[in-house]
Amino acid sequence: MDTSQTLLVFFGGLVPMAAVAFALGRRKALLSDARGARMHSLPGQYGVYVATWMALPALAIGVVAACAVLIGVRVPSAPFVLSFALFGAAVGLAMALRRVEPTLRARNAIEKFVYWTLFAASLVSILTTFGIIISILFEALKFFNQVSVWDFVTGTNWSPVATFRPGQDAADSQFGSVPLFAGTFMITAIAMSVAIPVGLFAAIYMSEYASYRIRTFAKPLLEILAGIPTVVYGFFAAITVSPLVVDVAAFFGLNASYTNALAPGLVMGIMIIPFISSLSDDVINAIPNSLREGAYALGATKSETIKQIVLPAAFPGIMAASLLGVSRALGETMIVVMAAGLRPNLTWNPLEDMTTVTVRIVDALTGDQSFDSPETLAAFALGLVLFVVTLTLNLISIIVIRKFRQSYE
Amino acid sequence: MRTRDLTGDSTQVVRVPTMERPRVNQSTKMSVSDLAVWYGEKQALHGVSLDVYENEVTALIGPSGCGKSTFLRCLNRMNDLVPGVRIEGAVVFEDQNIYASEVDVVELRSHIGMVFQKPNPFPKSIYENIAYAPKILGQVRKRTDMDDLVERSLKRAGLWEEVKDRLDAPGLSLSGGQQQRLCIARAIAVSPSVLLMDEPCSALDPVATATVEQLIDELKENYTIVIVTHNLQQAARVAGYTAFFHLGNIVEFSDTDSLFTHPREKKTEDYITGRYG
Amino acid sequence: MSQGISLQPSRQLRRRYRAERRFKAYCVGALLLSIAFLVLFFSDMVRQGHSAFIQTEIQAEVTYNEDTVKFTNESVDESIAPLVSRAFFRSIPRRVDADPSLMGTTETLWLTATADVDQYRKKYSDRLEPEMQSTLERLESEGKVSYGFNKGLFTSGDSKIPSNAGLWSAFVGTFYVMLVVLAVSFPIGVATAIYLEEFAPDNRFTQGVEININNLAAVPSILFGLLGLAIFINFFGVPRSSALAGGLTLSLMTLPVIIISTRAALRAVPQNIRQGAQAVGASRWQAIRDHVLPLSLPGILTGTIIGVAQAMGETAPLLLIGMIAYIPDAPTSMTEAATVLPAQIFTWAGMPERAYVSLTAAGILVLLSLLITLNATAVILRNRFERRW
């Protein structure tokens, strides 16, 4: 492959060249040191200084060229880029070497470089968020050019007509997202009605009642629960829990679909238990002991202390944990892809099949449809809503937790 | 075994400079005998005996780590909450050994209140802070009764005038001294018969300390108070009796006046004259 | 004033104790429920998956000659042939090529049975043609049928023939993807953490970066898939379904995990270590490089392993970048189409044949044991090397 060869030459050449530059810089520093000059920094630091200034221009030229190729801009041939980079390296090397003088603060210069490298790394996380927003936003806007926002938000009928060629008319498609969100919220509600009580009570037990020995035994078990991949939960929901729900429903004379909303909801709840319990555990442990002692000294029992003093004090934190749990349930994909239905269905009955936002996103983007078909674009519109909702929940809980931590530090 | 002797002659008339009232026929409210406490392997108290007299303030003094706080926390069994603690000996209160198996610790604590080193109001309103315990103990059911009790407790704690217009404000919004008086009001709202105070003024400024000390002086009319303090002047100001603890033992226990003016033990003298501590 | 105080529980207190016991029972119940679920889950997976680790094998005489190389079905007795997995017959020309001296000889081998026979013997299905049933009974009475360890599960790639399907290509794909994740997220994550913890001024920008990282840790994974699809594949032209595309996408998800745990590890190193180093003339960066980083390394590695384990179990974003393709042969480079363990599990879970259910559960057991091993390593690392200050 041409690009990989270029890369090989580029990096394979760069490392030995940097070593040479290091040696040159160090030698010059050693020589002037031998002549009796008082050098500001250690000889090796001058070496690193020269090597850095040699490598930086070459790297910069290489990266710019590589980006240009990837974006599809026509660039001069690889040998030209290579020699241009080499030229840059030579210029950098010569200038840096000339500057190696006793007064040059090589160490400070290196550390400045380190500082800016670290700073640049911290920008990657910001770029990631921008990347998510940009990648969703543009496609979502294209979708809203074709479908009105009002129809999308209030419509109760989601029936995209599959289009396989770009530009094909999709006038018959309907993109009312209400049933998808109804399904998402139904499954989330089921999940949270399992996860919040069980997770919270488990956290109370771990932090207030359990002995050290029980804690060291039970905590890793809950962590295992948290470490099970979602695809595994999905398989479990589809193969074991769904049939179980159908059987139990049949026992009570009820009719349940094999892709009912209850099974993925329950399994998702179990998945979120350790999440809620570990966050709540942290929050409850942050409540100072003096409050508990104050209540005991008044003649309160343990559960009265917990219910009336500890939990109200921990409420903001528990609330934040629950919101993060909700955000997780809304965005959970594998469990619903594997165990929930594909049919948009507006109903209150959790025994019926229902579909969710994430299921439709996966369905639209794993099919064979052309990338700008309305259904594909609709996936991005759904993604946009999902992003906005979870972002809001996350931000609220992050800020609440920060405030909570500050008030008990 | 000096403490035993003291119990014997406790009926004699004692003059306390801070109180110009002679005391006669002191009756014993709590009687501690041979109390020993271990935290894991480490022994914190070595068989301590002491009598606490009714309607008196008893101060416990001594250098850090001498066991005075441990002793105090044994009187309402707060030490039960410490993991790995072992307690031997007897604490007799109302003719019952509070460490006997049939004694209920929650019931006990509702009769022996406690005020802590750092003010620890609940993160609730001022009103709720006071009303909490009477409510759970089922002492007060009607809202108007509760209003009365809150007012009475706050008045006794000398806090009423400062907070009467903002009973719904959070307890944590008060100043440190006010918070501590709120904690005292909270403790006396359930009408305990003994009040334990663990360095109640150590987190307070001098002005707030003076207010709380004055309050302690007034409270002893109705309550038996045991107070741990680092501050020797404070012990001299508020306490009728003082016990000097050292390395998990009581070195000396007598009326405050004699302990400070004519200590019988060399260690006590060294401590109160500031040679160590 | 206080006459006749009883220290025994009053009636009211006894009622309160009942509430106390109820409350504690709820708490214990919640924990037991979680643990019961864990037990149920694992026993279900073992029940479903254990049989895929063994496979029915049939002993038969295999004849190699001009005809059987062309019509491979004829290499074994025609009554036995329908019971033997097609994968074996396909391998005959290869075997003869590899060892020409086999030509014209006959050898006795244990051959993998078809999925139908295997499922029938394991009593998962009772559907087997009567002739085959009788052949099987005859062979069993002759002692020519047995179970063998299913090596293929670990050594062969995906296959449309259940008895021949294995996890090998998923292992290789997972390895490549994790390599990318480590190479990208470890240096960037650690550098970000060092910047935020040691250098960043306490201003609005820094707070924004912190909140942003905490938010990224909670963004639904599927949205990272949308990012991978739109940015890496459509914009930068990284090949779809490739380990590189998957690795880059998962790197961005792993980044916040590594940053958060590295920051915690750096924060655990007491301030006086930094001050001590700086007091003897080290610069801030030298103090960090020579003292703080070595001391916090166990914590950083623990966080990295946990982050990688998390990425290893992630599926949703990979669906969107096409990593659910049918990959029978292990990829040989980062840019070839690849699959990973959880994606392979997802693919198998969607197959209609009954034999794939066991395979899926077996794949799950393999994945879980990998993840538990990784996480246990992380915990041991933390307990063994972490210093408590």
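Order of writing sets the labels: A, B and C. Residues in every chain begin at 1.
Keep in mind that, in the parts below, a residue touches a chain if its C-beta (ideal position, glycine included) is under 8 Å from a C-beta of that chain, and two chains touch if they have at least 3 such contacts.
Keep in mind it's a predicted model, so treat the numbers as computed, not measured.
Return the chain label for which the distance between chain Cα mean and whole-protein Cα mean is smallest.
A
Count the touching C-beta pairs: is A-B or A-C ahead?
Ranking A-B and A-C by C-beta contacts puts A-C first.
So the centre of each chain is just the mean of its C-alpha atoms; given that, what is the distance between chain B and chain C in Å?
Chain centres of chain B and chain C, defined by C-alpha means, are spaced 60 Å apart.
Could you put a whole-Å number on the gap between the CA centroids of chain A and chain B?
Averaging C-alpha atoms per chain gives centres 54 Å apart.
Let me have the rounded angstrom distance from the C-alpha centre of chain A over to the C-alpha centre of chain C, please.
Centre-to-centre distance between chain A and chain C: 19 Å.
Can you list the chain C residues in contact with two or more other chains?
16 - these are the residues of chain C that touch more than one other chain.
Touching at least two other chains at once: which residues of chain B meet that condition?
Chain B, residues with two or more chain partners: 106-108, 111, 136-137.
What are the residues of chain A that contact at least two other chains?
301, 304
Within their complex, state which residues of chain C touch chain B.
Of all residues in chain C, those touching chain B are 1-2, 4-10, 12-13, 16.
Chain C touches which residues of chain A in the complex?
Touching chain C: residues 70-72, 107-108, 111, 114-115, 117-119, 121-122, 124-126, 128-129, 131-132, 134-136, 138-139, 197-202, 204-206, 208-210, 218, 220-225, 227-232, 234-236, 238-240, 270, 273-274, 277, 301-304, 306-307, 324, 327-328, 330-334, 337-338, 358, 361-362, 365-366, 371, 379-380, 383, 386-387, 390-391, 394-395, 398-399 of chain A.
In their complex, what parts of chain A are in touch with chain B?
Against chain B, chain A makes touches at 212, 288, 290-291, 293-301, 304, 308-309, 312-313.
Which of the residues in chain B come into contact with chain C in the complex?
Against chain C, the touching part of chain B is residues 93-94, 96, 98, 102-104, 106-108, 111, 136-138, 193, 222.
Would you tell me which residues of chain B are touching chain A in their complex?
Answer in residue numbers: 76, 78, 81, 83, 106-111, 113-114, 116, 118, 120-124, 132-133, 136-137, 183, 186-187, 190, 196.
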